[in-house]
Amino acid sequence: MSAIAFIGLGQMGAPMASRLLAKGHSLTVYDINRAAMEKLAKEGAKKASQPSQAANEAEFVITMLPDGAIVREVLFGVHGVTETLKKSALVIDMSTIHPLESEKLHYDMTQAGFSYMDAPVGKTSDHAVTGTLTILAGGTDQQIARAEDVLLCMGSEMIRCGGTGNGIKVKIVNNFMSIALNALSAEAAVLCEAMALPLDKAIQVMSGTVAGKGHFTTSWPGKVLAGDLSAAFMIDLAHKDLNIALNVAGQLNVPVPLGAAAREVYSQARACGRGKQDWSALLTHVRTLCGLRQTVE
Amino acid sequence: MSAIAFIGLGQMGAPMASRLLAKGHSLTVYDINRAAMEKLAKEGAKKASQPSQAANEAEFVITMLPDGAIVREVLFGVHGVTETLKKSALVIDMSTIHPLESEKLHYDMTQAGFSYMDAPVGKTSDHAVTGTLTILAGGTDQQIARAEDVLLCMGSEMIRCGGTGNGIKVKIVNNFMSIALNALSAEAAVLCEAMALPLDKAIQVMSGTVAGKGHFTTSWPGKVLAGDLSAAFMIDLAHKDLNIALNVAGQLNVPVPLGAAAREVYSQARACGRGKQDWSALLTHVRTLCGLRQTVE
Amino acid sequence: MSAIAFIGLGQMGAPMASRLLAKGHSLTVYDINRAAMEKLAKEGAKKASQPSQAANEAEFVITMLPDGAIVREVLFGVHGVTETLKKSALVIDMSTIHPLESEKLHYDMTQAGFSYMDAPVGKTSDHAVTGTLTILAGGTDQQIARAEDVLLCMGSEMIRCGGTGNGIKVKIVNNFMSIALNALSAEAAVLCEAMALPLDKAIQVMSGTVAGKGHFTTSWPGKVLAGDLSAAFMIDLAHKDLNIALNVAGQLNVPVPLGAAAREVYSQARACGRGKQDWSALLTHVRTLCGLRQTVE
Amino acid sequence: MSAIAFIGLGQMGAPMASRLLAKGHSLTVYDINRAAMEKLAKEGAKKASQPSQAANEAEFVITMLPDGAIVREVLFGVHGVTETLKKSALVIDMSTIHPLESEKLHYDMTQAGFSYMDAPVGKTSDHAVTGTLTILAGGTDQQIARAEDVLLCMGSEMIRCGGTGNGIKVKIVNNFMSIALNALSAEAAVLCEAMALPLDKAIQVMSGTVAGKGHFTTSWPGKVLAGDLSAAFMIDLAHKDLNIALNVAGQLNVPVPLGAAAREVYSQARACGRGKQDWSALLTHVRTLCGLRQTVE
């Protein structure tokens, strides 16, 4: 069992700390909210008056905080963790913060001689209570191997995302995708209803197509991801069908801002000469515009 | 075996007509492109000089044409199908046309005493060749029952989409969703690359979450579709995470127009007082703005 | 005074026709709405039973119709204008229709040996009544010279937009700009109010800057339009300021979809290496992406 | 002449400080860049080793810094301005920072017993050199009266924007508008070129219409700003004309993301029952969606 400093006892942090206690770890906790500390103290945690005090004897320091500025304050501020932390300890930031702030924290911690990794979590506070979170671990193989037992007290699954920083990067991309997809799905669903098409029928059909299953594992692997831009479904035709849908939406007064933005991307791809390429070539198009190295043309 | 008039022998129509011939049906074909007709004639089809001639003896008339104006011309124009068509025949429009044009055609055909249904297809011309298209059938139960054998010569699967017009509506919604989703997926993928996060790692993670699996069958059924807007994941938090992602994208100069449009929808939902509701409540938000009946608040 | 056929007596067409009568021209009118014809007949117009009859003796044919398909029908349909029109007459389409449809009509009319120009109008039906419309004339110098007296019966100003088709093109671009600008202005105004900033104060300031005066005649002429992309105001700084505004809007839940879309364009321009160029270089950026010839880099 | 502490000697700050020296004020300067301080010292400024030292004797403290976090550090950090500042002094923040950060700084300064106002500047570094900036003054009448002589050493015009915080708010709204308008203008201009319409002709026309002159002082004052939503130009017609333009843009592959976003706002306004209202009612529509008090319906 390990000596762990746990800093940040909010809606997610509190049940995560409870799980570590329940699994037999020795915990010292800190939060600006005293009541949150008291609750954990009743479960057996020691209370610290400052982050530096919490970190004093720790093998692991876990931070679960609202944003990157607060993580930085906790680590490097007055009475911060680094004032007392042993160089042999491992700091694991499990917060959802800005990836570029995380990168800077990693750099500064490394420069100061400390070991730092990121491990944000997926799912909800209900899963935190039951210890069934998904852990997105970013760190060296050694860091992850060392942290694994501790992390799996809080989660039922740990995904190795690559080097330090990749955990939080994966989380941000994943949430970008799912949150925007939710808005796009609402557009499609309301378009159904406005056309008097039963949503369950549309969902039934889309569940069997790329509309419901997504492109990452269906239309992309054999085409753009394999370097093949020959058309299974041409960008020109995608543009045409999207135009029909936008026209219908306009006539029925269904606002479809994401669909409208998408058409402009297809228009641009056509202007760049990609009309006869496979629709998955949209990835190549966007990559090229961003100045990323072109592996497939 | 049936007497079928097949009008429109393009990239999709020609192989579909071939399949019908191969299955033993008696075909009369028409296309403005004479070469396309000759090719089918060699396979056993009769050639017509006008749509009206093609339709003369037909039990079924199948149209596979570029747009709604052409379908209308073929049916109601000079030398059009309706000049000769028997009232007992069934017209099946398999084209991808504007759903509101399709609706109008259905109305006009019905007024004129003819039987009309829509059955656009999913998948590609390769599947047309092998007769493995997905048929999206819109029509009455009787129409679909009558057409089923004919349609399944061209496709390996037929989905009953409900009444006439629903086939084309399902197709348009499905394509709206998949085509816009492709653009959104490209944004997420390029964001990965700009952050130096391996795309395969991100895809691996997203394949297990709603980012890859979509909302229709995961996050929506137990919440908004069941009338429950209590938060599993709050709109406020979705807004916050999306802000982080957009901030990263801005710093790395990755254009994310769909993601940016999505944030504005979440901002609007928050302005309307939905910040503490489940993110699936975005559907209710968009429905409400469109003046659709509110079943769940 | 001239013999004029006037076809299309709607909200705009009816008062325009009245003006021509009041100025002493000899009018034959046609509309599918008989009541509209009766009204003009009381003012002295002859009624035609078909477009072809109206055009029979005309030196000028003026069309003021809802869309391009109807203009085409009126000109080339059964009992259409071209059945009887003299080759020496001039057809003036004053409708607001799709520019590419207008282009096709011009081509077809010219092929058939007729003289055709476009002259859509600016302003409202109130101005039609008082004959103070703005006329956007597209045609050859000779056509415009010939039509000028007739057109200026209906409008107080005539702008020569260049060759045939340019009238309708100018109108569409002008309306695109003003209609979208209205939506952008609403975003800025609501952002003011959400920040508790009096709108009249903001309008006072913006009226003196490019925000209110526009770019076409202020920031562009000396820079991008003169081939100078050196920065008076860098794209990087515009990106930064826009980020601040979007951040404020997000915190205050003001949806700013146009502002959000704009940021993505600036991000893209930066990704293409234009961050240190003048903000007017956004024009060069968009031109380049469209594959237009690059005159300034 | 006044004793002024000037903190922040960047591209804008350095020439502004020079102007104050040239006008005879007594300046103590501070910047983390020693070379920048040396340059001002040669012009007669005293150098400070810390913000607190610079502020020690000052009647005015002027800050011209990159962002709000740095302004806060300079005022409240270790060796910050507030360690030594006299309660009778006036702090003038001329930086372009986040309005909500500015608001918080104002609150904290006032709580600490200090006098604080904001006065960001318009125009460019060339104008800073010649002392012809536009000053956007936010503060009480007394603060502005006291600061006016000092501020007008740096600018040729001072606009009273209302109470403290309004200067920076006006600047952010103004820049939001002008920066997004630049992107919209590029869309219109490229649409011209793609249609082979000379840009100078289009600019000539638009300069005389609301497209070039903006809505704030033309189409809005007599309508929405006066509480009159009766239609001079209906939202339905604006929607129709915008659809034509977007259709043209799509056919010509001109990406128009702002125009596309605008159409969705008009669709939404129509869905909310505003189709027959004046297009300026879009302002009312957006205000209502944001939950702002409705003064006009």
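To keep things simple, chains are lettered A, B, C and D as they appear, and every chain counts its residues starting from 1.
Assume contacts are C-beta pairs under 8 Å (C-beta built on N, C-alpha and C of every residue); 3 or more make two chains touch, one makes a residue touch a chain.
Composition by chain, UniProt nomenclature: A, B, C, D = Sulfolactaldehyde 3-reductase.
Everything numeric here is computed off the predicted structure, so don't read it as measured data.
Asker: Could you tell me which chains make contact with chain A (Sulfolactaldehyde 3-reductase) and chain B (Sulfolactaldehyde 3-reductase) both?
Answerer: In this structure, the chains that contact chain B (Sulfolactaldehyde 3-reductase) and also chain A (Sulfolactaldehyde 3-reductase) are C, D.
Asker: Tell me which of C-D and A-D has more C-beta pairs in contact.
Answerer: When the contacts at C-D and A-D are counted, C-D has more.
Asker: Which whole number of Å gives the spacing of the CA centres of chain A (Sulfolactaldehyde 3-reductase) and chain D (Sulfolactaldehyde 3-reductase)?
Answerer: Measuring from centre to centre gives 34 Å for this pair.
Asker: If you average the CA atoms of chain A (Sulfolactaldehyde 3-reductase) and of chain C (Sulfolactaldehyde 3-reductase), how many Å lie between those two points?
Answerer: Measuring from centre to centre gives 47 Å for this pair.
Asker: As a quick test, compute the distance in whole Å between the mean CA positions of chain C (Sulfolactaldehyde 3-reductase) and chain D (Sulfolactaldehyde 3-reductase).
Answerer: One centre to the other, that is 32 Å.
Asker: Please output the residue numbers of chain A (Sulfolactaldehyde 3-reductase) that touch at least 2 other chains, ranges allowed.
Answerer: In chain A (Sulfolactaldehyde 3-reductase), the residues touching two or more other chains are 247, 253-257, 260-261, 264-265, 268, 271, 289-291.
Asker: Draw the chains as dots and join the ones that touch; what shape do you get: line, ring, star, complete or other?
Answerer: Contact pattern: complete, every chain touching every other.
Asker: Which of the residues in chain C (Sulfolactaldehyde 3-reductase) end up touching chain A (Sulfolactaldehyde 3-reductase) in this complex?
Answerer: 257, 261, 268, 271-273, 289-291
Asker: Please name which positions on chain A (Sulfolactaldehyde 3-reductase) make contact with chain D (Sulfolactaldehyde 3-reductase) in the complex.
Answerer: Of all residues in chain A (Sulfolactaldehyde 3-reductase), those touching chain D (Sulfolactaldehyde 3-reductase) are 239, 243, 247, 249-250, 253-257, 260-261, 263-265, 267-268, 270-271.
Asker: Name, in rising order, each residue of chain B (Sulfolactaldehyde 3-reductase) that touches chain A (Sulfolactaldehyde 3-reductase) in their complex.
Answerer: The touching residues are 96-100, 122, 124, 126, 134, 136, 159, 161-162, 166, 169-170, 172-195, 197-199, 201-217, 219-220, 225, 232-233, 238, 241-242, 244-245, 247-248, 251, 253-262, 264-266, 279-280, 282-283, 285-287, 289-292.
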